[in-house]
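Chain naming follows the written order as A, B, C, D, E and F, and within any one chain the residues start at number 1.
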């Protein structure tokens, strides 16, 4: 089976793919005819495709996020490759293919990521902090295994959020060693909690965010996580005005650093200052790394990266 | 007894006043002598004062926020009146004066303000909303009777917060009549709750804010109020993801309108849009009204008003 | 006759409608054929429509802003309803339909709005103010009966400007009662004058702005209204440097509050501060109310509202 | 007589000077004694001065903006020269000194400046434009002979406004020759009118602005000049909506280029674009030239210049 | 031969033109057919054109920036003129046409522009400055004859950069006469050097910029020019820390005036202040002049001009 | 000998200290007497001091940055400790004290810091990069041993720059291990070079910056470092347009990330993105760590930190 990334003009091929997008469109001819404007994808990339003269049955059979077997031909359309679909059918259990093999996903398995997060959580020495973190993590438990970290900006794929957390924990471990005045428990807790409400802020399936939830729009994940800590403290009978509760809520509220970036308060404890830079460094470098991975080797520049002020990244020849 | 506002150069006077500020300073002579640099005040205004050659006993007797009886003389210093204190003593119970008569304060009594707030609260028809509001109000109960609404910007005096709420409730009542599509329960609740955490954000005595609290600095009153609603809902067994809880939290979070003004989310329900303008209109007009009240009749301009982009207000002659 | 708002897919219908937009387009077939790309509307809403194979006569018969009788069929195109026009003709006097019944318009009749405005104008007790206002109102007299208040932001419909003024006068009346230090004459005059030059700034027909006028672009309605007051004063022999003239010009110039929002001076009299908030509150709440009215009942969110930082409004279920 | 600029530490001197500032202060000794804290100036510069032990008569004799004869000694105070006044008296007619010789002033005589402005005004070929300009100039006639162009930013001295206009006219003449598509009449008129209302916006004496006028604060010189053009047109029976009136008002309104710099409209005719840059170039280069002139030759840097983003100017050694 | 600018609907014509843009597109018919979507241009303007049913040979024959002879018909498409190409062939040497006659270009010949620039360069009296300038000019020598000054903002045509320099030199000469405190050598050198690295920053052919170079993106023309001066100084053995080198580098680095406009330092020598305004005035007025030249006489407004905050320019009727 | 940090009110003491600041002032008595207003410091902190009745000899003996032996008394002045100097003399060689023991300084010795920097430099595998870095480091060689990294923002002490580099190298080493797609040579080189021109930008002695140099003001350290790389490449015969030169210049130019923060280009290679965050993280956390170190243990808040948006840091009690 040929990977999307390897398909080139004039190739005839058969393979399993995911319908990432599908729209029914009409030709401008009279009478107008209907066709599918499709985006086919697998874990290696995606390609536009057309299927002409679709029937009513076709329209009731094929939908976005469905796995299909396709026989097609790669043509050049406006200098870019495009698939002409000759035959298509839905996959059956006998095909033995699973949707998770067709989507972009973190380079470490969800199980391993979750395991690491729990391990770090268990290593928090301050029991109160540990309990508060555990309560919040439990709220998103299952979703932490597959949610992306954002809609498009960074880590926008299967298990992207957990991957982001794990990588940040590595930076956090380093920086606590380098600067022992930082409280390692707070750094660990802050990293795990800072985006913990994202699975409630966004509606995602298979790592792809389709929309923000109502509470995501009306409250935002930062305020949501802050109230979860209140909930956790009440559940465990922890004083709401204790410095532990205050500190964790502050780290979460301040992690975007400036009001115009979404934080209602500026960082005012050492660990909140650290967290903002750990978060930024991981998010920005991941954007760069992912953009490079998806750029053909022969291109000198990646596509523009929105999270980097719409700049592209250049590959130096050293 | 002469009011501060009426004292003029060359007046000799005796009266009761509040020491609003007091600093021990030293003259530049050799050897240096100590004197008091004082601000005397009553409800009508304030004046700088000097008391020369203070003794150790003086320094152990007189402090800021203390009531005193003063015999003095008004002199002109750099074209402005200044009191030279000739005699001073602390008030005694026999003097029959109370500190509350010497401070700036809302034009309606705290008891009446609180009564109105409770009355409106009781008129909320949606029981869930009413319970959530009542819980939050109970948290600041006693403080609501005397807290100012801000450190300096607006309603910065005794019972200023309650006065701000009551005046906003009047505007809210009007606007709900004018535009019946607004939910009056939400408007009432939003007005009462929007600044409800200010007494925890600031440390104030007699209407004068001396500082922000630790939680005020690390969380801010907006986030604090939002978590109080969570607390209230948990206390009353109300679903945290219900639209009632969501709506109230949203109104509170959005009432500063823009991120750069401190709101982590923009208004996205009608009542949140309304609340921002009810709040702004009341705060700004109160600043203007208060600045005019404190400006001598013969001045054409008020002092500069920080909350109005540092502009002064002009008194037209119509 | 079926209202636009009620038309659903597969409906066949006959009715009178307004051609709000009409473009002649060509199919991509060889040779290309011409068709009409139309927007049909009535007071309840609007729908896209296509009319295929149009003749030269058709092109000379049908134009934007014309009333037509249509026989058509509602189809689904890309999941949205679209009309296929089978027959169309221009309305004749016999049809007894008037264009004003097919356009969006303020909920109160222009006559009533104008009547209210004149009544308030006559109630201004300061004769000089009253004369200045009357002069400016006379300049736009007829246009005040039908002009919108803006191109798209708010009150963008027939008599929208007069409606905006009348609603603001209601708020103004309330706020003058609540805060008697405000000069009611200035509030009334300021409300009537603040946007009085808009009919000269914009070119509108039936409540729809097609463009800005040359003077609108080169001077802007704020500066225009200010010079009208000069004109009025000269006409009535009123001293140009009197506080009355100064005050009214200031209110008009300052009503956008900040330079970056178009005001060359910041509000510096109490009534100018009030006017800005009366104006904002009415404009923003009207945007919300109108957006809700045009949103299908089954939708939880309105479309995005440009004047509200591109946010949509959510309908809570309380 | 020694110029201020030439006075050095230990000099004993006698001369005529202007008291630019004078404050009565008190020593910290007990009892406090009064002294004068003075700024002495002439056209070459200024120096701080002290006069100890002043009498009641002294306080009734000496005031800011008075000419005096001083016998004094230059001392070093905190490494800077300061005058100790030993004897002082007011000038008498017999002294034969005039205040205008003691103030900073444009390098060309007011009479010559005014002459040039009138000459250019008379050279405007379009009669309508010429009349409108003449009317506005007549309104400030006498003041144009001595007003500064700004309070502190640039040309802040005697006849600074006329000097600014004349220098801009030179640039305008050049640019009209270089780019003949520009309308020279509009350029001339725009230059003369752009700041024409400044003498009404500010209150100045001898080239020193003490404050802004009420109309200056409430309307600003840009809006004032625009209404003057209306007044001029009405006076001469010129159509208010003619392109001549529109064009001149537009140039005046747009000359600050951006809303945040005070212009309610952006430049939209060629001459308005040109005027903004003619104005900026002249103002900025004059700031630089004046700062250099007042910097001692041995200093490598001028003082910071507020109108140049608070930067100082460096003198290169080429 | 008919100029593009003169072609009108229904004209049949034959002439030589430049293919400025060419895209191969497909009709929506089944099977799809290919056609050319073309922009034809000459020095007077440009027009969209379609050529239907193109062959494989056509696709291998015609490309952007090629000269062609066309026989065509002007049709109206959506109310705008569009060419239907009936016959087309590439030009041959016999046709005697040269590409430079078909492109937009400065109104003065490159040879004359270069001659002026060299003449001014030779008139620089300070030998060190002259050498540094000459070195940098030599680096772009040939390119200076044809490069535009920018991609779209201003002087975006053949020899636009040299034309920009020459016109600035005229302003520079004037301003040095008007304000003799300016160092004329620095003004001349600054003007010639300020954009000297643009030919390395951009990739252009025939006055049309297709892209920025890698070094243009990674360093920017301002930093590049600054390092060229270093290179020049090292080449000529001039002290890198001398005020001459420092001054020239500063002028180049500061010429965009503010960091947010691309200058890492603010102007801090008189000539740097002057240069910014000479540059701005020339660029902005050229935008206006060019926009007017390309606007049909019957239009009252030019198209929107990006470099003027997206405003259009109005043509007054005086 | 008592450390500054340990001195308390009423202490009489003798010790060696550094005169960090010294001003000759005059009392307000008549005749005025001169006294020293001094700041005494050692590595533990600083205290204000007064020395009354100073003689001409005193004024010729004591200066800022001089070491002295002091016998004094700690008094309370306005609630803060202040030294009254009874006896003072300059240190002599016999005293055996060295100025470096009295100043704030990096916690690692300059020799060790320099050794680490050279070691890392030598470990750069790409010879061209290594040569370029070595050339630039050689230019500031001696100064790298003692220069601070900034005037006040961060690392503003002896050897602060070298310490900043070394700590960043630690982070760089970690991040290259975590993300192997980063080029470690470029990261090392970028860290060493990013602030390498700071010793030429600022004038510092003993870790205290007194001013910026002329070239520092006119060019800025970012542009200076970029031209140094040009110089280095020319010296070593390395192609100026090679990707190595381009890459290093880009990293230096882009390290402030945004134009408004001083970078003329945005980061466009992976290592430039990384460098900005490595730099920020180290600078911000060092500010926090240093502020905490200088805050008395009993204070809950540090002083305000300018580089952290003027926020103070809170010490949680966990």
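Keep this in mind: a residue touches a chain if its C-beta (ideal position, glycine included) is under 8 Å from a C-beta of that chain, and two chains touch if they have at least 3 such contacts.
Chain-to-protein mapping (UniProt): A, B, C, D, E, F = 3'-5' exoribonuclease YhaM family protein.
Only a predicted model underlies this, so the values are computations on that prediction, with no experimental measurement involved.
Under the contact definition, chain D and chain E share the contacting chains C, F.
The chains in contact with chain A and with chain E alike are C, F. Looking at D-F and E-F, the interface holding more C-beta pairs in contact is that of E-F. Two copies of one chain, chain C and chain E, form a contact in which under half of the residue numbers belong to both partners. With every chain reduced to the mean of its CA atoms, the largest distance from chain C is reached by F. A straight line joining the Cα centres of chain A and chain B is 47 Å long.
With centres set at the average Cα position, the gap from chain A to chain C is 43 Å. We define each chain's centre as the mean of its Cα atoms; on that basis chain C and chain F are separated by 61 Å. Residues of chain F in contact with at least two other chains: 28-29, 214, 217-218, 246-247, 268-269, 314.
Chain pairs that touch, as defined above: A-B, A-C, A-E, A-F, B-C, B-D, B-F, C-D, C-E, D-E, D-F, E-F. Residue ranges of chain A in contact with chain C, taken from their complex: 23-26, 28-30, 214, 217-218.
The touching residues of chain F, when paired with chain A in their complex, are 126, 129, 167, 170-171, 174-175, 178-179, 181-183, 185-186, 243-244, 246-247, 258, 266-270, 273-274, 277-278, 280-281, 284-285, 288-289, 292, 308-309, 311-318. Against chain C, the residues of chain D that register as touching in their complex are 214-215, 217-220, 222-223, 226-227, 230-231, 234, 240-241, 246-247, 249-250, 253, 259-265, 268-269.
The touching residues of chain E, counted against chain C in their complex, run 27-29, 33, 52-53, 77-78, 300, 314.
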